[in-house]
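Common to both upcoming complexes is subunit A, partnered first by subunit B, then by subunit C.
Up next is the complex of A and B:
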């Protein structure tokens, strides 16, 4: 027999989890299967909806959606669905700010650019670039991903309405040259005593003491996003109290703690929704013709069938291997759904790094029902819907729309799958 | 297509598989041995560092360079022309073999295989066979031998092994921490109990009765070979007995083939020769049964992981792949083949077991995709609440936390789990792994049960 549920979601990133939560809240018996940890741990932890249309910065994503081309996933699901989906995110996922307004917030990044985004972790809240308080950015000598003086001058050059300075200090304790971000976070989470001038001092206090002499009138201090994992609010609160100024985290590149924390919060929300989930084994095959009857999960060489009435494909795009390419072509590996792409692979990309590349829009072709369509335009399987970066036709990196499309299409696919239950 | 003569190879690119291409020349890792070539794995590493952020040791140990170094980077260093000059770094012995890095890697790099090979080489070529560390590790890794001996005189062993002065001597001479209490040895081993139940013949009879009661064909093809492992044999036979009752309840006939240690503690201590010796016994008896249509089941998640993953990665023994493909964790197997969910929905729990459990998923269960199994399964059982205490590692990692110099580190890793257990409603713990169970008990004083015991209490008693 097969492991059975009403809705089976394949993929455990933002799209898959949102889809599973939406279906569970609509009353379905849901299971989510994911091969690996999602690419969220490579992401900033910011939730973008729409940051740019062409070269223009977007102020209000909901106003800008109608300007997108009509096959864009946002146009397919409709602007009201995007709103409802974001409301579901706000309701189910803890620890995020930005839902007080529909307009974008501007957040400084670790490179010192300013990014338009719709939701940001509580830890980044004091750092918003529209705030005019003078800012001190603090980097750690051995954490080379964040050069605080450079980031500070970039932020100023970007026209931020405050003055920014950067300082690099040595993190207290005897950390090795390539200590992992999780090592910094663990020390701060547990507030372990570290050696400072022959004395033992709690990590948080020791860090605050090293920063204090550089404060020099700045009203807020930004650290690289390593301020704890489990107890990040407490870590920030202690630092803010000891320094007497506001404290925030600057989102970092991979591997990213804000991404890890978001993943944890999503899975907590998934658990609360009543959906079942399992991570660690890939879906490798399916059975069925017009309808998917079962999919096959491979567990250490043995093939285990999973059956459901409705399926959601949310395995991600090229980065997450939900869409694969080789010299012959581009394909979706589980159900072999059609992925439109030029026959000549020299047409897949342009010469400039920031040019308008075709590969950035590779993904399955869906209609407004989110069902993948074949080359002729006909629905591939009546009980399969796609969500998130598996869907093609938009360039999330250029638009800053990755999280929003995942949440909106995940929500729509999960709801539609539940409505279609036989 | 316009691609031209400068195309190096026509072979297709498989992102999750090692991409070797035409010009790939296999490299002999250890010249005298037929070991696996790890170059494709090393080449697949994109340096994304996801493994490092999953490493529980790197989180607490300022000396430990992390899995990315221990695996692909160290391997590569050793392949240079003067690779002989690069010895395996001592820090390989600080890896606890939790194997979380395997599960973490998005590019399919066989990290734990690389660690196991490097550790084996380190112990073979760089660790003195006269050192206390070698013999301490060897004794710990061969727990089965000590346990077998102790089981002959369980009552005396239970007193002697935890006798204060003796433990002081063990710590000072061998480096086995005196902080921990040795687990008690059962007065009746599982094998003794199994023989008293009539062994395989008795099981066949009871399975037939169950099938008749369940309305299933008497000759249904329901047979499993049970790999009980050392711990349920000598220390917690109640887990093995519960498994037997549950499987027979569902109409399965059980055989208990000749078996040694799964090898888990030996891999973790770089004792690959010892592990191979035991693997040969296990594969030989299991492969024959698999050929006869049996599936192998294990109640210890480290045992099932060893048979499924480490065996085919490290050894080339006839039938080893068949055994790996047909081995399952005990509850996983039932979930695939029986309606356990439905059965538990209709069941209630007697009052001999607790009502609330703080569940910890062992790293080795996580590696098989099983970390949510117990939480999911018991959600449907009336009168029972199972709370997941989070995704941290317990920190003991088998023999690791028993070593004097690793004890503090082991407890630092475990702290997160202890905190979450204290925060949970229950004062009874639950896990599938015998040594996680020791650590949970050591850190909180809770009584710890195996999920199969709860299934048995719900469905059989």
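Up next is the complex of A and C:
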């Protein structure tokens, strides 16, 4: 007997979870299966919708969407669907700001510059760059992903409307040279006493004391994004209280705590939506011709069939191996959906590191119904839709559009799948 | 001659650095000028083979004898640059039996220790060898790190008083009264302190003698004084795999051919190579078929290569030379021997000697011959000592084990640091400061990077070649911003950003030839990190944004007035 549901979502990243929530809220019986940890742990935790069209920075994403080419996922689902999808995100996922306006915010990141984004975690809110409060950035000597003095100079070079200084301090307590970001977060979560000049002081207070002498009139302080995991709001509040200024986190690269926190919040929202989910086993195969009858999940070495009426493919792009390649070509590995790509491997890339690379747009080809299409343009399976980075035809890195496309297409695919239930 | 002769050595590859060290040790006043960073030319673009001489044992026995002699010398004076992996010439069923016998005889003739082993024995040593490999000849091939070796030679030259100028391009030879009397140099003009030595501007460096050790570029230097140096540059591809499929150098035992060698090098294996004559050593096609040929042909020897992960490919240009009267059609027929061209004897223009041809393994011997030639001109009575005095980092090698105990460096990272640094380990690692890892792929720590920066300045490529940082699987995806951070605050933000961009681009260049499978995934991850999270593709420092137009935060009354519109401070 196959494990049965009305809508089966394959993939547990932003697109998959959004799709499952959207379908469940529309009344479907939903199951989500995902294999490995999603790429959220590599992402900054910022929710970008659209930051650039070509080389032009975007102030209002909804205004700019019509400028995108007509096969862009945003154009396929339409501006209003993007708005509705973002509203669903705002309603279901806790701890994010930015929904008070349709205007992008500029957020400082660990690269030392700022980037346009539509939603940002509460922890990053005080760091918004369109704010003239002078800023102190604090780095930790052994935390090599954030060089605060360099970041401060860089953000000033970017023309930020505030003055920024950076200082590197030693994190209180005994940390080994290569402590992971989660270790810093845990120490701050636990707030255990550490020895400072022979006295025992709580970790958060000890950290605040080390920063205090560098405050020198700065009105806000930015730390690398390690300020707690389970109790991040409390950690930030304690630091702000003790320092007497606003405190924020600067989003960083992998492993990214804001990304991991976002993942937790998404799965909380998924839980509340009533959808079922299971993590850890890959979908390896499917059965069916024009319609997918069932997919095969590999579980402890055995092949378990999962059947559903409608399917959503949200396994991600090249990063998450939802799209794979070898020297001969590019493919979508589960359903073998067509992935348009140049026949000559040397046309997949350009010579400049940030040029307009074809590979950045690799993914399945979909129409406005989000159904993957074959090379001839015909629908591959009548009950399969794609969402998120599995879809090709857009460069999320250059556009800063990854999260928004995942949310918008996930939402649209989940809703459409539910409407199509027989 | 009473005064100390002033010698300008042009070229910072293995030959130039070797000549500079040799002459400096003999007491000459040496200036080395290099257009890029050290190893910029062919030296930084080779497969890292320390020849036993076996490859030339049939076709070119003079070169073979030189190789085995220098192989022994380098194991001694450059122990921290050499890994004695051993090598094998393996024979497949379709390869000629008589050639196998000739190879064995050739090795014997040239005093290269060689032993025939069965296919089974060969597979015991290298389990991934093809099951139908018949037999092999075992030889003392090794792996050598060309970057470390050249840097050590330059450091030694400097210790003996030489001046080393990188990013300094010779724009002309000074000719006065029928004699070459120096060089015109243009020092690198990148922003900030990007160069080793003098920054930007032109300089005339007068010399009693000029040594042209520019390899494939020797013809260009010759042209500056209307000298005809007919170097025949020949390109070869090297494809780097992300792990060592083999721990022994694997050669195909057959007459000359493309794609016939695998060299284990640090954490990688390097597949080589092709041999194709090119017009211009700086501008030649780098083509897909060459990469595909490496993988396909060498997977006949090591089948797992067919589906293995490559992290990048690069091309090098051999500075082949033969006397014009030989006239070989095929570059593979051109000798690998080296030639010393005394332009006084040859062209009636005194003041310069050119060295062309030759190979990396014999760089020291070439240096010795040129230095002998130069000191003889000046009547100096000074013997060569480069074969006896260890390079910096290779002194007192036995002490190495003690360092490892002393610093508690038993971890894989500590061991790799010490292997790279050799006898300099204490000086570099013993800072007493926390020493986090910056490059996880290659296990490179902050102390090593800081040491490299003290030598290379703001040029992160110079730090890369000294430490291997950014040369592993992720090709800098996770560490380039960390390396950039290490430059600050010694170098200002604009200089750091410039150097950061250069290293991103340099790493991208080689990866383009490995973009499929896992490395394409890696490239997408890197692109996502650098563009999405760091916004380096539209860095507002160079792509100005109007801060006042954007959201100033929820419930904020801090919205900026239009009078505070931000502008990039140094947009370029």
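Structure notes:
FYI, the second predicted complex is superposed on the first by the 422 of 422 C-alpha atoms of A that agree within 3 Å, B and C clash if a C-alpha of one lies under 4 Å from a C-alpha of the other, contacts with A are read in each partner's own complex, and residues count from 1 in each chain.
Note that in this section contacts are C-beta pairs under 8 Å (C-beta built on N, C-alpha and C of every residue); 3 or more make two chains touch, one makes a residue touch a chain.
Note that the structure is a prediction, hence the values are computed from the model and not measured.
By the document's definition of touching, of the two partners only subunit B reaches A:3; subunit C does not.
Of the two partner chains placed around the shared chain by superposition, subunit B and subunit C are both touched by A:345.
In the superposition on chain A, A:71 contacts neither subunit B nor subunit C. Comparing subunit C and subunit B on the residues of subunit A they touch gives the larger count to C. In the superposition on chain A, contact is made by A:37 with subunit B only, not with subunit C. By the document's definition of touching, both partners, subunit B and subunit C, reach A:321. By the touch criterion stated above, A:254 is placed in contact with subunit B and with subunit C alike. With both structures placed on the common chain, the touch criterion links A:302 to subunit B but leaves subunit C unconnected.
Contact with subunit B, but none with subunit C, is seen for A:183 once the two complexes are overlaid on the shared chain.
Looking at the shared chain after the overlay, A:159 reaches subunit C, while subunit B stays out of its contact range.
Residues 42, 178, 254, 321, 324-327, 344-346 of subunit A contact both subunit B in one complex and subunit C in the other.
The touching residues of subunit C, counted against subunit A in their complex, run 288, 292, 295, 307, 434-438, 446, 478, 481-482, 484-485, 488-489, 492-494, 496-497, 504-505, 507-509, 512, 515-517, 520-521, 523-525, 527-541, 543-556, 558-560, 564, 566-570. Remark: subunit B residues 1-3, 7, 10, 12-16, 48-50, 52-55, 58-60, 62-63, 65-66, 103-106, 308-309, 321, 324-328, 332, 335-339, 366-373, 376, 388, 391, 412, 415-416 touch subunit A in the complex.
For subunit A in complex with subunit C, the residues that touch the partner chain are 42-44, 48, 51-52, 55, 57, 59, 97-98, 100-101, 103-106, 109-116, 125-126, 128-133, 141-145, 147, 149-150, 153-154, 156-161, 170, 177-178, 251-254, 317-319, 321, 324-327, 344-346, 348-349, 351-354, 357, 359-360, 396-398, 400, 402. Within the complex formed with subunit B, the residues of subunit A that make contact are 1, 3, 36-37, 39, 41-42, 173-176, 178-183, 185-186, 190, 230, 254-255, 260, 264, 271, 276-281, 299-302, 304, 320-321, 324-328, 343-346.
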